[in-house]
Amino acid sequence: MAKKENGTRAILLIHCPDQQGILATVTEFININGGNIIYLDQHVDKVEHIFFMRVEWELKGFVIPQDRITEYFDTLYAQKYNMSFKVYFSDYVPNMAVFVSKMSHCLFDMLARYTAGEWDVKIPMIISNHEDMREVADRFGIPFYCIPITKENKAEQEEKTLRLLEDNNVDFIVLARYMQILSDKMIEKYPDKIINIHHSFLPAFIGAKPYHAAYERGVKLIGATSHYVTAELDAGPIIGQDITRISHKDTVEDLVRKGRDLEKIVLSKAVGKHIARKILTYKNKTVVF
Amino acid sequence: MAKKENGTRAILLIHCPDQQGILATVTEFININGGNIIYLDQHVDKVEHIFFMRVEWELKGFVIPQDRITEYFDTLYAQKYNMSFKVYFSDYVPNMAVFVSKMSHCLFDMLARYTAGEWDVKIPMIISNHEDMREVADRFGIPFYCIPITKENKAEQEEKTLRLLEDNNVDFIVLARYMQILSDKMIEKYPDKIINIHHSFLPAFIGAKPYHAAYERGVKLIGATSHYVTAELDAGPIIGQDITRISHKDTVEDLVRKGRDLEKIVLSKAVGKHIARKILTYKNKTVVF
Amino acid sequence: MAKKENGTRAILLIHCPDQQGILATVTEFININGGNIIYLDQHVDKVEHIFFMRVEWELKGFVIPQDRITEYFDTLYAQKYNMSFKVYFSDYVPNMAVFVSKMSHCLFDMLARYTAGEWDVKIPMIISNHEDMREVADRFGIPFYCIPITKENKAEQEEKTLRLLEDNNVDFIVLARYMQILSDKMIEKYPDKIINIHHSFLPAFIGAKPYHAAYERGVKLIGATSHYVTAELDAGPIIGQDITRISHKDTVEDLVRKGRDLEKIVLSKAVGKHIARKILTYKNKTVVF
Amino acid sequence: MAKKENGTRAILLIHCPDQQGILATVTEFININGGNIIYLDQHVDKVEHIFFMRVEWELKGFVIPQDRITEYFDTLYAQKYNMSFKVYFSDYVPNMAVFVSKMSHCLFDMLARYTAGEWDVKIPMIISNHEDMREVADRFGIPFYCIPITKENKAEQEEKTLRLLEDNNVDFIVLARYMQILSDKMIEKYPDKIINIHHSFLPAFIGAKPYHAAYERGVKLIGATSHYVTAELDAGPIIGQDITRISHKDTVEDLVRKGRDLEKIVLSKAVGKHIARKILTYKNKTVVF
């Protein structure tokens, strides 16, 4: 494994009010303390005057102990520059829960990548409001919890779901065409940690049955959008989007079929970026490095 | 010229309730009367049960005189099958009016094609509510009419515009980023004959300043949509759409700049299809062959 | 199932020298004998003067018995018009063999579609020159045959493979990143029935390690190409192609990773078109309806 | 004009062997001397171990005089870090020569942008081996030199061309579908300063008539490639590429027509990047920020 050869890497994500010298200061902090920078990405939003940075370095030889880096960085720089920041380490593999309903294409696409080792992630559980995907989960040896949701039991079932997430130390959630609207409570508990795939190029065709709406409108391309879930439906920060061409020949069923290929790739790309800690959010937008 | 060598071609556009044998009947009508079919496209909308057809044939040797074809076809087939149909001839070059405001990119793109002989069309006039594009029109030797529009003079100026269109035997109108909403009267006068370019992937970002709205929403792709103008703003039958990728790096100005390349190509493609009589409309949708 | 409701459908694929009236003749043959045409696609190659047609109709009420249609059509039309033709029926589900080596992405993508019932196909066997994919095959309950190939045993192992294909009544073969060159014997046995995915936009980067070659050349987009296998390496009729953008940021590993998403979608689309009998081949090209 | 408001900007392009701290050092150099960094892009090629950087800053308040910046940077940093570097200033507008033959689409596209003020460039001359484009040049008021090239006069005519380029202080050359191969002498005189558009997705279909070759091969997409010209035909560093879909319906003429839209946009994008000093080259590749 590459990780063993090169040792643990640290990833630092920052955003803060822009001012001169931040980039130089942060890179110097890493260099001077013996860290070898592997990747560095930065962006300045010239309208909002916000500085964004993602820097990844090898910890081998870094003089600050791994478990003190956050504290040191906070003390020395973050407070001074009014930074929002987060440090991640490559030796922690996050836990990802997948929520599904009855459709298998996004689930299969993610499990295929998971099985092939494409992602540094663990999937401790799949949750569904239906039994349909249990067989798929079983094939891949992943615990499957069917938690059917009705108007009456919604609050209770969400509590059960939240407990399961906690018991499994879930770090983030992927809604793989999960056809239930999450409660505000759950959304607040996982801010910028719930990734959804919506089957249209948002903000067009918000809500249910976007392919039917696209067909009705007579559009010449359909899309899919991955985004973080916020309290407002289909309105959270967009991570990625893609489209495919359609024509008058395509029925609603064709749109649904062609859309599946879009959805699964757009969702899996977003999940891959999230796992790699390459997404920063601010003001309902994302910076994706 | 190819036209001289091969003689005049006829183009027949049909749509009607679908039933067995229409395609065979129409192709037989052409074959049996000595027409050589060059292109044939057909489509059946299985939801609406509508049959669409575009057939193009050489008139050389066709036994029905050119100026009687419409009458013959109407009598023999159209009434029987309840067809909407239209016959065009390649020896008639249509007149296209271009409406512009202050931006030159779509206008230049069309005039470049026009000058290069890419389109079988004449441009007898360019109309604008501003003086800015007069110089461009002059360079290409096309009459330019500046008809400034204010709240007060709108009705009067539209009358003037309509007279100019009539005097120049204008067959169809292209709104090349024309920043005025047309009156219902003008729209009714040119049904499916006014092509607009909207600078978003409709139905997202209808109305003014779509790039600003796209920037605010944090989308990852921007688009452009060509459509026929109907009474409802940006809601007419869509002819074509295309998109380009953007990222967090792009400012509103970048969106505007990248969008220009989309707009001009999407608009010119729609105009090309219209000139070639390859677009049929029904129920606020298009069939584009 | 739609099939039960509507009964069996026939699909007729034709290509022949172009001449007037063929389309009318064939559609009339179906109409007059009581067949209800569901889909019709036609194309005329104006350079080669070849007529192509795909027509699909419901057999319910068709006066010619299903098992005599081929004979009747041959007698009445095919000989007269010098047609190459083939009739397929929707009540026959073809057998597809999948050949893989060590990579799982294309295999998973196809098995996911297979499991979800997206394709009207059976997969009686997966063949590999390595053991790696046995576990995946087992998960989906599909017989897996490991037939390792060396220079010495190649002829013998191909014989074994051919017997397996015959014993399982395999209709067509998909090479899902199978890293062995097939013998001419096998290729001749399955003309236009072996679908390969090549990981470049052919004809660029033929042969081994195209991503490395693409990286070396500094291209700004990478591609994937599905094609039928012919005796000449990577030179058979192209079915489909797609590309994705890359930049200077991308390493060879990134190209390989991004390419996987292209490969699996491009391959599966080709397989879907093949299963639906929507591909005609001629002169090393395809017509894909 | 923005330039007047904000004053002159400096753009520094660097590439050098990668080592720790370069980025911090260079940004500190600018910050400490009072420069306000507007844009910063960097890239590390992990295979070649090369560091690339583009940094743009406002000169207002910068303590080093504009005409000494190159010298200071060379003395203080470039020699130490073994850097290749170049400093550009926004108050110098470069001179661009356009070479054309008979086709107008790329020329029109560039002149439209030029006229609209999209590019910070001057076009002192258009050179052609044919008279066809003189009229277009005249319309835009740009001097046009027809320098016909035959086997016999090639050396002599190139001398004449070189003198014209020098007399007009031409900084870089755009080959807008110029159908002549330049001599090595001219290429050496303008290294990474001659931008060509090739009408295929290189490295496929090198040389003459790529659309015919694409048609023959039966590809499902066609492309266009902008690149810097080097001694080897169509083999220089690629700047940008794009493709469009085609099908069996498209004739060679359709490919040529569809290709024109690709060519002009791909070429103009490359020219825009070049003018903005956003392209670095090394080892026959480009870094495009």
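For reference, chains read A, B, C and D in written order, and residue numbers begin at 1 within each chain.
Rule of thumb we're sticking to: a residue touches a chain if its C-beta (ideal position, glycine included) is under 8 Å from a C-beta of that chain, and two chains touch if they have at least 3 such contacts.
Model, not experiment: these values are computed from the prediction.
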{"item": "Shared interface numbering between subunit D and subunit A [over half = same, under half = different]", "value": "same"}
{"item": "Most distant chain from subunit D by Cα centroid", "value": "C"}
{"item": "Subunit A and subunit B: spacing of chain centres that average the CA atoms, whole Å", "value": "42"}
{"item": "Distance between the centres, which are taken as Cα means, of subunit C and subunit A, whole angstrom", "value": "36"}
{"item": "Residues of subunit A touching at least two other chains", "value": "46"}
{"item": "Overall pattern in which the protein chains touch one another (line/ring/star/complete/other)", "value": "complete"}
{"item": "Subunit A-touching residues of subunit C, taken from the complex the two chains share", "value": "104-105, 108-109, 112, 115-116, 118, 136, 139-140, 257, 261, 265, 268-269"}
{"item": "In the complex, subunit B residues that touch subunit C", "value": "20-21, 23-24, 27-28, 31, 36-40, 42, 44, 46, 245"}
{"item": "Of all residues in subunit A, those that touch subunit B in their complex", "value": "43, 45-47, 52, 201-205, 217-221, 223, 237-243, 247-249, 251-252, 284-288"}
